[in-house]
Amino acid sequence: MISFIDFCDYTGTFAFAISGIRLASAKQFDWFGAYVVGIVTAVGGGTVRDILLNSTPFWTEQPSYLIISGLALLFVIAFRKYLVTLDNTFFIFDAIGLGLFVVVGVEKTLSFGHPMWVAIVMGTITGSFGGLIRDILINEVPLIFRKDIYALACLGGGLVYCGCMMLSFPPTPTQFVSALSIFLIRVVAVKYHISVPVLKGEE
Amino acid sequence: MISFIDFCDYTGTFAFAISGIRLASAKQFDWFGAYVVGIVTAVGGGTVRDILLNSTPFWTEQPSYLIISGLALLFVIAFRKYLVTLDNTFFIFDAIGLGLFVVVGVEKTLSFGHPMWVAIVMGTITGSFGGLIRDILINEVPLIFRKDIYALACLGGGLVYCGCMMLSFPPTPTQFVSALSIFLIRVVAVKYHISVPVLKGEE
Amino acid sequence: MISFIDFCDYTGTFAFAISGIRLASAKQFDWFGAYVVGIVTAVGGGTVRDILLNSTPFWTEQPSYLIISGLALLFVIAFRKYLVTLDNTFFIFDAIGLGLFVVVGVEKTLSFGHPMWVAIVMGTITGSFGGLIRDILINEVPLIFRKDIYALACLGGGLVYCGCMMLSFPPTPTQFVSALSIFLIRVVAVKYHISVPVLKGEE
(Lines give C-alpha, C1' and ligand atoms only; values in the text may rest on other atoms or scores of the structure.)
Protein backbone atom coordinates (compact mmCIF):
# COMPACT_ATOMS: atom_id res chain seq x y z
CA MET A 1 0.00 0.00 0.00
CA ILE A 2 1.28 3.45 -0.76
CA SER A 3 1.61 5.99 2.02
CA PHE A 4 -0.40 9.19 2.33
CA ILE A 5 2.69 11.21 1.36
CA ASP A 6 3.18 9.14 -1.81
CA PHE A 7 -0.50 9.55 -2.64
CA CYS A 8 -0.20 13.36 -2.41
CA ASP A 9 3.06 13.25 -4.40
CA TYR A 10 1.55 11.22 -7.26
CA THR A 11 -1.67 13.24 -7.24
CA GLY A 12 0.29 16.50 -7.45
CA THR A 13 2.60 15.17 -10.15
CA PHE A 14 -0.40 14.09 -12.20
CA ALA A 15 -2.12 17.48 -11.83
CA PHE A 16 1.05 19.46 -12.61
CA ALA A 17 1.73 17.30 -15.70
CA ILE A 18 -1.87 17.71 -16.86
CA SER A 19 -1.54 21.51 -16.66
CA GLY A 20 1.63 21.43 -18.77
CA ILE A 21 0.17 19.05 -21.35
CA ARG A 22 -3.05 21.06 -21.74
CA LEU A 23 -1.20 24.33 -22.28
CA ALA A 24 1.15 22.60 -24.74
CA SER A 25 -1.81 21.27 -26.71
CA ALA A 26 -3.15 24.82 -27.06
CA LYS A 27 0.17 25.67 -28.78
CA GLN A 28 0.00 22.79 -31.28
CA PHE A 29 2.81 20.80 -29.67
CA ASP A 30 3.10 17.22 -30.83
CA TRP A 31 2.51 14.33 -28.42
CA PHE A 32 6.13 13.98 -27.45
CA GLY A 33 6.60 17.72 -26.99
CA ALA A 34 3.49 17.88 -24.81
CA TYR A 35 4.86 14.95 -22.78
CA VAL A 36 8.14 16.80 -22.23
CA VAL A 37 6.29 19.95 -21.13
CA GLY A 38 4.19 17.80 -18.77
CA ILE A 39 7.29 16.24 -17.20
CA VAL A 40 9.06 19.59 -16.88
CA THR A 41 6.00 21.16 -15.22
CA ALA A 42 5.83 18.29 -12.74
CA VAL A 43 9.52 17.94 -11.86
CA GLY A 44 10.96 21.34 -12.89
CA GLY A 45 10.60 23.06 -9.53
CA GLY A 46 12.19 20.22 -7.58
CA THR A 47 14.93 19.92 -10.19
CA VAL A 48 15.89 23.60 -9.90
CA ARG A 49 15.94 23.15 -6.10
CA ASP A 50 18.17 20.08 -6.38
CA ILE A 51 20.53 21.88 -8.78
CA LEU A 52 20.81 24.82 -6.35
CA LEU A 53 21.43 22.36 -3.49
CA ASN A 54 24.09 20.51 -5.54
CA SER A 55 21.99 17.39 -5.08
CA THR A 56 21.14 14.61 -7.53
CA PRO A 57 17.77 15.43 -9.16
CA PHE A 58 15.08 13.61 -7.20
CA TRP A 59 13.40 12.16 -10.31
CA THR A 60 16.49 10.10 -11.19
CA GLU A 61 15.91 7.91 -8.15
CA GLN A 62 12.77 6.22 -9.43
CA PRO A 63 10.94 6.39 -12.77
CA SER A 64 7.51 7.06 -11.25
CA TYR A 65 7.45 10.76 -12.22
CA LEU A 66 8.04 9.96 -15.89
CA ILE A 67 5.44 7.20 -15.79
CA ILE A 68 2.81 9.40 -14.12
CA SER A 69 3.47 12.16 -16.67
CA GLY A 70 2.98 9.55 -19.41
CA LEU A 71 -0.34 8.55 -17.86
CA ALA A 72 -1.31 12.23 -17.77
CA LEU A 73 -0.58 12.45 -21.52
CA LEU A 74 -2.75 9.40 -22.23
CA PHE A 75 -5.47 10.87 -20.01
CA VAL A 76 -5.48 14.14 -21.97
CA ILE A 77 -5.53 12.29 -25.31
CA ALA A 78 -8.37 10.01 -24.21
CA PHE A 79 -10.57 12.48 -22.36
CA ARG A 80 -9.79 15.81 -23.99
CA LYS A 81 -13.46 16.63 -24.53
CA TYR A 82 -14.24 16.25 -20.84
CA LEU A 83 -11.19 17.99 -19.40
CA VAL A 84 -12.95 21.31 -18.89
CA THR A 85 -15.59 19.61 -16.73
CA LEU A 86 -12.77 18.31 -14.53
CA ASP A 87 -11.20 21.74 -13.98
CA ASN A 88 -12.22 21.85 -10.32
CA THR A 89 -10.80 18.38 -9.68
CA PHE A 90 -7.49 19.30 -11.32
CA PHE A 91 -7.39 22.47 -9.26
CA ILE A 92 -7.81 20.52 -6.01
CA PHE A 93 -5.16 17.96 -7.06
CA ASP A 94 -2.81 20.80 -8.03
CA ALA A 95 -3.30 22.50 -4.64
CA ILE A 96 -2.66 19.23 -2.78
CA GLY A 97 0.51 18.66 -4.77
CA LEU A 98 1.63 22.25 -4.25
CA GLY A 99 1.35 21.93 -0.47
CA LEU A 100 3.35 18.71 -0.46
CA PHE A 101 6.02 19.92 -2.90
CA VAL A 102 6.72 23.05 -0.86
CA VAL A 103 7.02 21.12 2.40
CA VAL A 104 9.34 18.56 0.76
CA GLY A 105 11.44 21.43 -0.61
CA VAL A 106 11.69 23.13 2.79
CA GLU A 107 12.69 19.90 4.56
CA LYS A 108 15.26 18.83 1.96
CA THR A 109 16.90 22.26 2.14
CA LEU A 110 17.04 22.17 5.96
CA SER A 111 18.56 18.67 5.79
CA PHE A 112 21.40 20.16 3.72
CA GLY A 113 22.22 22.50 6.62
CA HIS A 114 20.85 25.73 5.15
CA PRO A 115 19.16 28.33 7.37
CA MET A 116 15.38 28.65 7.53
CA TRP A 117 15.10 31.60 5.14
CA VAL A 118 16.95 29.68 2.42
CA ALA A 119 14.61 26.72 3.03
CA ILE A 120 11.57 28.97 2.56
CA VAL A 121 13.01 30.30 -0.71
CA MET A 122 13.78 26.76 -1.90
CA GLY A 123 10.28 25.59 -0.90
CA THR A 124 8.79 28.41 -2.95
CA ILE A 125 11.05 27.49 -5.89
CA THR A 126 10.03 23.82 -5.57
CA GLY A 127 6.35 24.72 -5.75
CA SER A 128 6.38 27.44 -8.37
CA PHE A 129 9.28 27.01 -10.81
CA GLY A 130 7.71 24.04 -12.61
CA GLY A 131 4.88 26.30 -13.77
CA LEU A 132 7.38 29.02 -14.52
CA ILE A 133 9.48 26.81 -16.82
CA ARG A 134 6.27 25.49 -18.40
CA ASP A 135 5.27 29.03 -19.38
CA ILE A 136 8.75 29.76 -20.74
CA LEU A 137 8.58 26.60 -22.88
CA ILE A 138 5.21 27.50 -24.36
CA ASN A 139 6.45 31.07 -24.88
CA GLU A 140 3.95 32.87 -22.64
CA VAL A 141 4.47 35.48 -19.95
CA PRO A 142 4.54 33.38 -16.73
CA LEU A 143 1.04 33.01 -15.31
CA ILE A 144 2.20 32.64 -11.71
CA PHE A 145 3.36 36.25 -11.72
CA ARG A 146 0.09 37.65 -12.89
CA LYS A 147 -2.82 35.57 -11.62
CA ASP A 148 -4.21 34.47 -8.31
CA ILE A 149 -1.87 33.78 -5.45
CA TYR A 150 0.44 30.95 -6.36
CA ALA A 151 4.10 31.59 -5.59
CA LEU A 152 2.97 33.69 -2.64
CA ALA A 153 0.98 30.72 -1.27
CA CYS A 154 4.23 28.73 -1.32
CA LEU A 155 6.00 31.52 0.56
CA GLY A 156 3.11 31.64 3.05
CA GLY A 157 3.36 27.90 3.65
CA GLY A 158 7.09 28.23 4.22
CA LEU A 159 6.48 30.93 6.82
CA VAL A 160 3.87 28.73 8.53
CA TYR A 161 6.45 25.92 8.60
CA CYS A 162 8.92 28.32 10.19
CA GLY A 163 6.31 29.42 12.74
CA CYS A 164 5.46 25.81 13.67
CA MET A 165 9.14 25.07 14.24
CA MET A 166 9.57 28.13 16.45
CA LEU A 167 6.56 26.90 18.47
CA SER A 168 8.34 23.51 18.81
CA PHE A 169 5.66 21.53 16.95
CA PRO A 170 6.71 17.92 16.24
CA PRO A 171 7.64 17.17 12.58
CA THR A 172 4.40 15.56 11.39
CA PRO A 173 2.00 18.31 12.55
CA THR A 174 4.45 20.91 11.21
CA GLN A 175 4.39 19.30 7.77
CA PHE A 176 0.64 18.85 7.82
CA VAL A 177 -0.21 22.36 9.00
CA SER A 178 2.07 24.08 6.51
CA ALA A 179 0.88 21.95 3.56
CA LEU A 180 -2.70 22.55 4.61
CA SER A 181 -2.12 26.30 4.84
CA ILE A 182 -0.85 26.34 1.24
CA PHE A 183 -3.88 24.33 0.12
CA LEU A 184 -6.25 26.69 1.92
CA ILE A 185 -4.55 29.88 0.70
CA ARG A 186 -4.89 28.61 -2.88
CA VAL A 187 -8.54 27.59 -2.49
CA VAL A 188 -9.55 30.82 -0.75
CA ALA A 189 -7.60 33.01 -3.19
CA VAL A 190 -9.18 31.39 -6.24
CA LYS A 191 -12.70 31.16 -4.78
CA TYR A 192 -12.76 34.81 -3.71
CA HIS A 193 -10.61 36.12 -6.60
CA ILE A 194 -8.01 37.47 -4.21
CA SER A 195 -4.83 38.48 -5.98
CA VAL A 196 -1.72 40.56 -5.41
CA PRO A 197 -2.05 44.09 -6.83
CA VAL A 198 -0.59 44.61 -10.28
CA LEU A 199 2.54 46.75 -10.24
CA LYS A 200 1.55 49.91 -12.07
CA GLY A 201 3.70 50.99 -15.01
CA GLU A 202 5.41 54.35 -15.32
CA GLU A 203 3.05 56.19 -17.66
CA MET B 1 45.34 13.41 -36.63
CA ILE B 2 41.92 13.78 -35.07
CA SER B 3 39.89 10.68 -34.36
CA PHE B 4 36.59 9.80 -36.01
CA ILE B 5 34.78 10.66 -32.76
CA ASP B 6 36.38 14.12 -32.64
CA PHE B 7 35.48 14.65 -36.29
CA CYS B 8 31.79 13.91 -35.57
CA ASP B 9 31.95 16.10 -32.44
CA TYR B 10 33.37 19.10 -34.28
CA THR B 11 31.05 18.60 -37.26
CA GLY B 12 28.02 18.45 -34.99
CA THR B 13 29.15 21.46 -32.96
CA PHE B 14 29.60 23.47 -36.15
CA ALA B 15 26.16 22.50 -37.47
CA PHE B 16 24.42 23.18 -34.14
CA ALA B 17 26.15 26.58 -33.84
CA ILE B 18 25.21 27.45 -37.44
CA SER B 19 21.53 26.72 -36.68
CA GLY B 20 21.61 29.02 -33.63
CA ILE B 21 23.42 31.81 -35.45
CA ARG B 22 21.08 31.72 -38.45
CA LEU B 23 17.96 31.90 -36.29
CA ALA B 24 19.52 34.72 -34.25
CA SER B 25 20.25 36.67 -37.43
CA ALA B 26 16.57 36.42 -38.40
CA LYS B 27 15.81 38.19 -35.09
CA GLN B 28 18.24 41.09 -35.67
CA PHE B 29 20.71 39.95 -33.02
CA ASP B 30 24.09 41.63 -33.15
CA TRP B 31 27.23 39.62 -33.94
CA PHE B 32 28.08 38.94 -30.33
CA GLY B 33 24.51 37.97 -29.45
CA ALA B 34 24.39 35.60 -32.42
CA TYR B 35 27.70 34.11 -31.29
CA VAL B 36 26.29 33.49 -27.81
CA VAL B 37 23.18 31.83 -29.26
CA GLY B 38 25.44 29.69 -31.45
CA ILE B 39 27.52 28.54 -28.49
CA VAL B 40 24.46 27.85 -26.37
CA THR B 41 22.83 25.81 -29.15
CA ALA B 42 26.03 23.76 -29.52
CA VAL B 43 26.86 23.17 -25.86
CA GLY B 44 23.52 23.77 -24.11
CA GLY B 45 22.30 20.17 -24.12
CA GLY B 46 25.54 18.77 -22.76
CA THR B 47 25.72 21.56 -20.20
CA VAL B 48 22.25 20.79 -18.83
CA ARG B 49 23.25 17.11 -18.67
CA ASP B 50 26.46 17.96 -16.79
CA ILE B 51 24.56 20.21 -14.36
CA LEU B 52 22.06 17.41 -13.66
CA LEU B 53 24.97 14.97 -13.17
CA ASN B 54 26.74 17.43 -10.82
CA SER B 55 29.68 17.30 -13.22
CA THR B 56 31.95 20.07 -14.47
CA PRO B 57 30.57 21.36 -17.81
CA PHE B 58 32.39 19.53 -20.61
CA TRP B 59 33.17 22.72 -22.56
CA THR B 60 35.36 24.08 -19.74
CA GLU B 61 37.92 21.34 -20.41
CA GLN B 62 39.08 22.66 -23.77
CA PRO B 63 38.24 25.83 -25.73
CA SER B 64 37.46 24.01 -29.00
CA TYR B 65 33.68 24.43 -28.71
CA LEU B 66 33.96 28.20 -28.36
CA ILE B 67 36.42 28.35 -31.24
CA ILE B 68 34.26 26.22 -33.55
CA SER B 69 31.23 28.39 -32.70
CA GLY B 70 33.34 31.45 -33.60
CA LEU B 71 34.23 29.86 -36.94
CA ALA B 72 30.52 29.18 -37.50
CA LEU B 73 29.82 32.89 -36.92
CA LEU B 74 32.49 33.91 -39.44
CA PHE B 75 31.10 31.34 -41.88
CA VAL B 76 27.58 32.79 -41.63
CA ILE B 77 28.89 36.35 -42.03
CA ALA B 78 31.02 35.44 -45.05
CA PHE B 79 28.67 33.10 -46.89
CA ARG B 80 25.23 34.26 -45.83
CA LYS B 81 23.98 34.47 -49.42
CA TYR B 82 24.83 30.82 -50.06
CA LEU B 83 23.64 29.34 -46.77
CA VAL B 84 20.27 28.26 -48.14
CA THR B 85 21.99 26.21 -50.85
CA LEU B 86 23.89 24.40 -48.10
CA ASP B 87 20.76 23.44 -46.14
CA ASN B 88 21.09 19.75 -46.97
CA THR B 89 24.74 19.71 -45.91
CA PHE B 90 23.93 21.39 -42.59
CA PHE B 91 21.12 18.91 -42.06
CA ILE B 92 23.48 15.96 -42.53
CA PHE B 93 26.10 17.54 -40.23
CA ASP B 94 23.41 18.20 -37.64
CA ALA B 95 22.18 14.60 -37.77
CA ILE B 96 25.74 13.26 -37.43
CA GLY B 97 26.33 15.50 -34.41
CA LEU B 98 22.99 14.54 -32.89
CA GLY B 99 23.84 10.83 -33.03
CA LEU B 100 27.20 11.41 -31.39
CA PHE B 101 25.92 13.80 -28.72
CA VAL B 102 23.21 11.39 -27.58
CA VAL B 103 25.63 8.46 -27.35
CA VAL B 104 28.14 10.60 -25.41
CA GLY B 105 25.31 11.66 -23.07
CA VAL B 106 24.18 8.08 -22.48
CA GLU B 107 27.71 6.86 -21.76
CA LYS B 108 28.65 9.73 -19.45
CA THR B 109 25.47 9.15 -17.43
CA LEU B 110 26.13 5.42 -17.13
CA SER B 111 29.70 6.17 -16.01
CA PHE B 112 28.21 8.17 -13.13
CA GLY B 113 26.43 5.01 -11.93
CA HIS B 114 22.90 5.92 -13.00
CA PRO B 115 20.51 3.25 -14.29
CA MET B 116 19.82 2.82 -18.01
CA TRP B 117 16.54 4.73 -18.08
CA VAL B 118 18.20 7.81 -16.57
CA ALA B 119 20.97 7.48 -19.18
CA ILE B 120 18.39 7.46 -21.99
CA VAL B 121 16.72 10.58 -20.55
CA MET B 122 20.12 12.31 -20.23
CA GLY B 123 21.07 11.29 -23.78
CA THR B 124 17.83 12.81 -25.05
CA ILE B 125 18.52 15.99 -23.04
CA THR B 126 22.07 16.13 -24.44
CA GLY B 127 20.80 15.96 -28.00
CA SER B 128 17.74 18.15 -27.80
CA PHE B 129 18.09 20.80 -25.07
CA GLY B 130 20.58 22.91 -27.02
CA GLY B 131 17.91 23.55 -29.65
CA LEU B 132 15.36 24.06 -26.90
CA ILE B 133 17.40 26.78 -25.15
CA ARG B 134 18.14 28.33 -28.57
CA ASP B 135 14.41 28.73 -29.22
CA ILE B 136 13.84 30.18 -25.74
CA LEU B 137 16.62 32.74 -26.33
CA ILE B 138 15.17 33.88 -29.67
CA ASN B 139 11.71 33.95 -28.06
CA GLU B 140 10.02 31.32 -30.25
CA VAL B 141 7.90 28.31 -29.33
CA PRO B 142 10.47 25.46 -29.35
CA LEU B 143 10.69 23.88 -32.80
CA ILE B 144 11.72 20.46 -31.52
CA PHE B 145 8.29 20.02 -29.97
CA ARG B 146 6.41 20.78 -33.13
CA LYS B 147 8.34 19.66 -36.18
CA ASP B 148 9.80 16.45 -37.57
CA ILE B 149 11.11 13.86 -35.17
CA TYR B 150 13.99 15.33 -33.21
CA ALA B 151 13.85 14.66 -29.47
CA LEU B 152 12.11 11.38 -30.24
CA ALA B 153 15.04 10.34 -32.48
CA CYS B 154 17.31 10.88 -29.46
CA LEU B 155 15.03 8.72 -27.33
CA GLY B 156 14.98 6.07 -30.08
CA GLY B 157 18.78 6.04 -30.19
CA GLY B 158 18.91 5.65 -26.43
CA LEU B 159 16.58 2.64 -26.65
CA VAL B 160 18.74 1.12 -29.40
CA TYR B 161 21.77 1.61 -27.13
CA CYS B 162 19.90 -0.17 -24.35
CA GLY B 163 18.94 -3.01 -26.69
CA CYS B 164 22.53 -3.46 -27.90
CA MET B 165 23.72 -3.69 -24.29
CA MET B 166 21.08 -6.29 -23.45
CA LEU B 167 22.28 -8.29 -26.48
CA SER B 168 25.84 -8.02 -25.05
CA PHE B 169 27.24 -6.06 -28.01
CA PRO B 170 30.79 -4.78 -27.40
CA PRO B 171 31.07 -1.00 -26.71
CA THR B 172 32.15 0.22 -30.16
CA PRO B 173 29.38 -1.46 -32.20
CA THR B 174 26.87 -0.37 -29.54
CA GLN B 175 27.96 3.25 -29.94
CA PHE B 176 28.03 3.03 -33.70
CA VAL B 177 24.67 1.31 -34.12
CA SER B 178 22.84 3.68 -31.78
CA ALA B 179 24.36 6.84 -33.31
CA LEU B 180 23.58 5.48 -36.78
CA SER B 181 19.99 4.75 -35.77
CA ILE B 182 19.54 8.37 -34.67
CA PHE B 183 21.05 9.59 -37.94
CA LEU B 184 18.75 7.33 -39.98
CA ILE B 185 15.60 8.18 -37.98
CA ARG B 186 16.29 11.87 -38.62
CA VAL B 187 16.97 11.40 -42.34
CA VAL B 188 13.95 9.16 -42.92
CA ALA B 189 11.63 11.38 -40.84
CA VAL B 190 12.62 14.53 -42.74
CA LYS B 191 12.70 12.92 -46.20
CA TYR B 192 9.26 11.32 -45.82
CA HIS B 193 7.77 14.10 -43.67
CA ILE B 194 7.05 11.72 -40.81
CA SER B 195 6.11 13.50 -37.62
CA VAL B 196 4.48 12.86 -34.28
CA PRO B 197 0.76 13.72 -34.27
CA VAL B 198 -0.13 17.14 -32.93
CA LEU B 199 -1.92 16.99 -29.58
CA LYS B 200 -5.39 18.28 -30.31
CA GLY B 201 -6.68 21.11 -28.18
CA GLU B 202 -9.87 21.07 -26.15
CA GLU B 203 -12.23 22.98 -28.45
CA MET C 1 31.15 50.47 8.17
CA ILE C 2 30.67 48.66 4.87
CA SER C 3 33.63 48.29 2.54
CA PHE C 4 33.93 49.84 -0.90
CA ILE C 5 33.39 46.40 -2.46
CA ASP C 6 30.16 45.88 -0.48
CA PHE C 7 29.00 49.35 -1.48
CA CYS C 8 29.48 48.53 -5.18
CA ASP C 9 27.81 45.12 -4.66
CA TYR C 10 24.72 46.59 -3.01
CA THR C 11 24.53 49.46 -5.51
CA GLY C 12 24.72 47.04 -8.43
CA THR C 13 22.18 44.66 -6.89
CA PHE C 14 19.78 47.55 -6.37
CA ALA C 15 20.18 48.80 -9.97
CA PHE C 16 19.84 45.30 -11.46
CA ALA C 17 16.72 44.62 -9.36
CA ILE C 18 15.22 47.98 -10.37
CA SER C 19 15.69 47.12 -14.07
CA GLY C 20 13.91 43.79 -13.61
CA ILE C 21 11.06 45.28 -11.59
CA ARG C 22 10.48 48.11 -14.06
CA LEU C 23 10.32 45.76 -17.05
CA ALA C 24 8.00 43.43 -15.11
CA SER C 25 5.68 46.34 -14.32
CA ALA C 26 5.43 47.10 -18.04
CA LYS C 27 4.09 43.54 -18.46
CA GLN C 28 1.41 43.85 -15.77
CA PHE C 29 3.15 41.55 -13.31
CA ASP C 30 1.82 41.65 -9.79
CA TRP C 31 3.99 42.91 -6.91
CA PHE C 32 5.29 39.50 -5.97
CA GLY C 33 6.01 38.54 -9.57
CA ALA C 34 7.89 41.81 -10.08
CA TYR C 35 9.87 41.10 -6.92
CA VAL C 36 10.85 37.67 -8.22
CA VAL C 37 11.94 39.16 -11.56
CA GLY C 38 13.95 41.78 -9.64
CA ILE C 39 15.73 39.14 -7.56
CA VAL C 40 16.42 36.96 -10.58
CA THR C 41 17.85 39.91 -12.53
CA ALA C 42 20.12 40.76 -9.61
CA VAL C 43 21.35 37.28 -8.68
CA GLY C 44 20.68 35.26 -11.86
CA GLY C 45 24.10 35.72 -13.46
CA GLY C 46 26.01 34.78 -10.32
CA THR C 47 23.68 31.85 -9.74
CA VAL C 48 24.29 30.41 -13.22
CA ARG C 49 28.04 30.83 -12.60
CA ASP C 50 27.79 29.06 -9.25
CA ILE C 51 25.77 26.21 -10.77
CA LEU C 52 28.38 25.78 -13.52
CA LEU C 53 31.14 25.82 -10.87
CA ASN C 54 29.25 23.26 -8.75
CA SER C 55 29.31 25.82 -5.95
CA THR C 56 26.61 26.79 -3.45
CA PRO C 57 24.71 29.81 -4.83
CA PHE C 58 26.29 32.97 -3.35
CA TRP C 59 22.95 34.47 -2.31
CA THR C 60 22.25 31.63 0.15
CA GLU C 61 25.09 32.85 2.36
CA GLN C 62 23.39 36.05 3.50
CA PRO C 63 19.91 37.46 2.91
CA SER C 64 21.10 40.90 1.80
CA TYR C 65 20.36 40.32 -1.90
CA LEU C 66 16.73 39.45 -1.19
CA ILE C 67 16.40 42.41 1.14
CA ILE C 68 17.93 44.87 -1.33
CA SER C 69 15.62 43.54 -4.07
CA GLY C 70 12.70 44.10 -1.70
CA LEU C 71 13.84 47.68 -1.13
CA ALA C 72 14.04 48.11 -4.91
CA LEU C 73 10.42 46.96 -5.19
CA LEU C 74 9.31 49.46 -2.53
CA PHE C 75 11.32 52.17 -4.30
CA VAL C 76 9.57 51.48 -7.62
CA ILE C 77 6.15 51.43 -5.96
CA ALA C 78 6.82 54.69 -4.08
CA PHE C 79 8.57 56.71 -6.76
CA ARG C 80 7.24 55.28 -10.00
CA LYS C 81 6.38 58.72 -11.38
CA TYR C 82 9.94 59.94 -10.97
CA LEU C 83 11.79 56.83 -12.16
CA VAL C 84 12.32 58.15 -15.68
CA THR C 85 14.09 61.22 -14.32
CA LEU C 86 16.49 58.87 -12.50
CA ASP C 87 17.42 56.90 -15.62
CA ASN C 88 20.96 58.27 -15.72
CA THR C 89 21.52 57.44 -12.06
CA PHE C 90 20.28 53.88 -12.53
CA PHE C 91 22.53 53.54 -15.57
CA ILE C 92 25.60 54.59 -13.55
CA PHE C 93 24.66 52.24 -10.67
CA ASP C 94 24.10 49.42 -13.17
CA ALA C 95 27.52 50.00 -14.76
CA ILE C 96 29.25 50.07 -11.36
CA GLY C 97 27.55 46.81 -10.41
CA LEU C 98 28.39 45.24 -13.76
CA GLY C 99 32.10 45.97 -13.31
CA LEU C 100 32.11 44.46 -9.85
CA PHE C 101 30.03 41.41 -10.76
CA VAL C 102 32.31 40.47 -13.65
CA VAL C 103 35.47 40.82 -11.53
CA VAL C 104 33.91 38.73 -8.75
CA GLY C 105 32.94 36.10 -11.33
CA VAL C 106 36.44 35.98 -12.81
CA GLU C 107 38.09 35.64 -9.41
CA LYS C 108 35.71 33.00 -8.06
CA THR C 109 36.27 30.91 -11.20
CA LEU C 110 40.05 31.19 -10.92
CA SER C 111 39.84 30.20 -7.24
CA PHE C 112 38.15 26.96 -8.39
CA GLY C 113 41.25 26.14 -10.43
CA HIS C 114 39.84 26.84 -13.89
CA PRO C 115 42.05 28.37 -16.61
CA MET C 116 41.84 32.06 -17.50
CA TRP C 117 39.62 31.66 -20.56
CA VAL C 118 36.99 29.80 -18.50
CA ALA C 119 37.17 32.61 -15.91
CA ILE C 120 36.55 35.22 -18.61
CA VAL C 121 33.52 33.25 -19.86
CA MET C 122 32.21 32.89 -16.29
CA GLY C 123 32.78 36.60 -15.62
CA THR C 124 30.76 37.44 -18.73
CA ILE C 125 28.01 35.04 -17.60
CA THR C 126 28.01 36.61 -14.11
CA GLY C 127 27.51 40.08 -15.57
CA SER C 128 25.08 39.37 -18.37
CA PHE C 129 22.92 36.31 -17.62
CA GLY C 130 20.80 38.09 -15.00
CA GLY C 131 19.51 40.42 -17.70
CA LEU C 132 19.17 37.48 -20.05
CA ILE C 133 16.96 35.49 -17.66
CA ARG C 134 14.99 38.68 -16.91
CA ASP C 135 14.14 39.04 -20.60
CA ILE C 136 13.17 35.36 -20.85
CA LEU C 137 10.83 35.76 -17.85
CA ILE C 138 9.09 38.80 -19.31
CA ASN C 139 8.91 36.99 -22.68
CA GLU C 140 10.99 39.43 -24.74
CA VAL C 141 13.88 38.84 -27.12
CA PRO C 142 16.94 39.42 -24.89
CA LEU C 143 18.00 43.05 -24.99
CA ILE C 144 21.66 42.35 -24.28
CA PHE C 145 21.99 40.68 -27.67
CA ARG C 146 20.59 43.58 -29.61
CA LYS C 147 21.44 46.87 -27.93
CA ASP C 148 24.53 48.79 -26.90
CA ILE C 149 27.55 46.88 -25.74
CA TYR C 150 26.69 44.91 -22.65
CA ALA C 151 27.88 41.30 -22.68
CA LEU C 152 30.82 42.43 -24.80
CA ALA C 153 31.80 44.97 -22.10
CA CYS C 154 31.96 42.04 -19.65
CA LEU C 155 34.16 40.12 -22.06
CA GLY C 156 36.36 43.20 -22.50
CA GLY C 157 36.75 43.58 -18.75
CA GLY C 158 37.71 39.92 -18.49
CA LEU C 159 40.39 40.41 -21.13
CA VAL C 160 41.70 43.49 -19.27
CA TYR C 161 41.85 41.36 -16.10
CA CYS C 162 43.82 38.75 -18.02
CA GLY C 163 46.18 41.43 -19.40
CA CYS C 164 46.79 42.90 -15.93
CA MET C 165 47.68 39.44 -14.61
CA MET C 166 50.10 38.84 -17.46
CA LEU C 167 51.73 42.20 -16.64
CA SER C 168 52.04 40.98 -13.01
CA PHE C 169 49.80 43.69 -11.53
CA PRO C 170 48.99 43.11 -7.84
CA PRO C 171 45.41 41.90 -7.11
CA THR C 172 43.80 45.19 -6.06
CA PRO C 173 44.87 47.27 -9.08
CA THR C 174 43.94 44.34 -11.36
CA GLN C 175 40.42 44.27 -9.90
CA PHE C 176 40.08 48.03 -10.03
CA VAL C 177 41.38 48.47 -13.56
CA SER C 178 39.22 45.71 -15.03
CA ALA C 179 36.04 46.85 -13.24
CA LEU C 180 36.78 50.44 -14.32
CA SER C 181 37.29 49.33 -17.93
CA ILE C 182 33.84 47.68 -17.94
CA PHE C 183 32.31 50.82 -16.45
CA LEU C 184 33.99 53.02 -19.07
CA ILE C 185 33.14 50.74 -22.01
CA ARG C 186 29.47 50.88 -20.97
CA VAL C 187 29.46 54.67 -20.52
CA VAL C 188 31.27 55.37 -23.78
CA ALA C 189 29.17 52.86 -25.75
CA VAL C 190 25.89 54.33 -24.53
CA LYS C 191 26.97 57.97 -24.75
CA TYR C 192 28.25 57.63 -28.34
CA HIS C 193 25.70 55.02 -29.41
CA ILE C 194 28.38 52.50 -30.25
CA SER C 195 27.03 49.03 -30.87
CA VAL C 196 28.00 45.73 -32.40
CA PRO C 197 26.79 45.38 -36.02
CA VAL C 198 23.54 43.51 -36.46
CA LEU C 199 24.00 40.12 -38.11
CA LYS C 200 22.28 40.46 -41.48
CA GLY C 201 19.67 37.85 -42.35
CA GLU C 202 19.73 35.67 -45.40
CA GLU C 203 17.31 37.50 -47.69
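We call the chains A, B and C, going by the order they appear; numbering starts again at 1 in every chain.
Note that a contact is a pair of C-beta atoms (placed from the backbone, for glycine too) under 8 Å apart; a residue touches a chain by one contact, two chains touch by 3 or more.
Remember, predicted model here, so these are calculated numbers, not experimental data.
Rotation angle, subunit B onto subunit C, C-alpha superposition: 120 degrees, expressed as a multiple of 5. Looking at which positions face the partner, subunit A and subunit C present mostly different ones, since fewer than half of the interface numbers are shared. Once the centre of each chain is set as its mean CA position, subunit A and subunit C turn out to be 30 Å apart. Contact of a single residue of subunit A with at least two other chains is seen at positions 51, 54, 136, 139. Those residues of subunit B whose C-beta lies close enough to touch subunit C in the complex are 21-22, 24-34, 36-37, 47, 51, 54-57, 60, 63, 66, 76-77, 80-81, 83-84, 136-139.
The touching residues of subunit B, counted against subunit A in their complex, run 51-52, 54, 114, 117-118, 121, 132, 136, 139-142, 144-146, 151-152, 155, 195-202.
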